[in-house]
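Beneath this line is the structure, given in structure tokens, with notes to follow.
Naming follows writing order (A, B, C and D), and every chain is counted from residue 1.
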Amino acid sequence: MNTQHQSLLDALNACVAACENCASACLQEDDVKMMAPCIALDRDCADICALTARLLSRGSEHAWHLLRECAEICRLCGEECAKHAHAHCQACAAACRRCEEACRQGMTA
Amino acid sequence: MNTQHQSLLDALNACVAACENCASACLQEDDVKMMAPCIALDRDCADICALTARLLSRGSEHAWHLLRECAEICRLCGEECAKHAHAHCQACAAACRRCEEACRQGMTA
Amino acid sequence: MNTQHQSLLDALNACVAACENCASACLQEDDVKMMAPCIALDRDCADICALTARLLSRGSEHAWHLLRECAEICRLCGEECAKHAHAHCQACAAACRRCEEACRQGMTA
Amino acid sequence: MNTQHQSLLDALNACVAACENCASACLQEDDVKMMAPCIALDRDCADICALTARLLSRGSEHAWHLLRECAEICRLCGEECAKHAHAHCQACAAACRRCEEACRQGMTA
């Protein structure tokens, strides 16, 4: 795997972990009702990034077909997380932004 | 795949779908804070049942190694869901109980 | 979940199981080298259908964004499987065709 | 996530990627029939490590319940890969050994 692929893979895996952590932490917040949209996006974002990472790791061309959708869910999840001051939301927003950027770079590679 | 394997596979897939549906529906309830433990268990139960289903479908002996853990998470998730009157929780509790039973039958097969 | 969603979900789950079974059975054939493209497509098809099924079960709008890619991998996998006389390949080809059709119906729903 | 958890998560993700890469590369070898057991173990190892990583990321106690099975599949996959001189097999063997070790450390933590 070349450097760019490894960089994309790292961004995807970091985003999966940040989303999973954020969803769990949101469920333990007092204002969990306010966090419901964040939790929902975290779930979808983690799953879509995880699949993209798997396909990329195995050298499947179908990984590239998922990059647009992956970038889009990262954008949506990152924007929602960015609204909340919780540290796990801010960390997730940053991971989503990095992953969205890495996906967009992959789309033009 | 023989009849018992197909029956176990159907129970696993039905449990995955019920857990995913229950988690999403819980997130839209007014009393979402009360549903947080249910949502957390739904996520784990869906993921563990989904992996078990995949390994079973591919004829992997490792599917059988996961049945005890799968039955356990189904028991925990089903007991939590059973506490709540929401239709999605009751449906998920029933799917979890059927899946737990199918896993336990598979363990002794 | 309405009748059409359940029908699509069933087609997706059946396709995942058929692909997993086909990949494992291909690995045990004498002519495994000839089956390598089939195995590779089985892996991607199972993973993409499984994710789509998960997102559909949870009521995520992102499920619909994956239907086009899902139909495409089902078409490719089904066409490859259809070339081989092995019973597991013919069964997988049929499951892929049904799933492709269900995805295409979902895209216009 | 503390340092030990992050180290385990990194080992799991690296193992998933190495297994996925190894399976794909094995399918393109001339001696693919000889690689069939390696491909089969790669699939199971990648899936079990991926689930463990997801549960660990979300802080689920069920991650710890999977560590024994995860260490076991890493051991089996690593031993099979170690038999083959292909660079992708040797790299996968190393990743599996590191992941097995990380899982065993996690079990005693």
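The rule is short, and it goes like this: a residue touches a chain if its C-beta (ideal position, glycine included) is under 8 Å from a C-beta of that chain, and two chains touch if they have at least 3 such contacts.
By chain, with names taken from UniProt: A, B, C, D = Four-helix bundle copper-binding protein.
Remember, it's a predicted structure, so these values are computed and weren't measured experimentally.
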Pair exhibiting more inter-chain C-beta contacts, B-C or A-B: B-C
Cα-centroid distance, subunit A relative to subunit B, in whole angstrom: 25
Set of subunit D residues in contact with two or more other chains: 23-24, 40, 43, 54, 58, 60
Contact graph of the chains (line, ring, star, complete, other): complete
Subunit C contact footprint on subunit B (complex, rising order): 1, 9, 13, 16-17, 20-21, 23-25, 46, 50, 53-54, 57-60
For the subunit D and subunit C complex, residues of the former touching the latter: 23-24, 27-28, 30, 32-33, 36, 39-40, 43
List of subunit C residues in touch with subunit A within their complex: 40, 43-44, 47-48, 51, 54-55, 58, 60, 62, 65-66, 69, 72-73
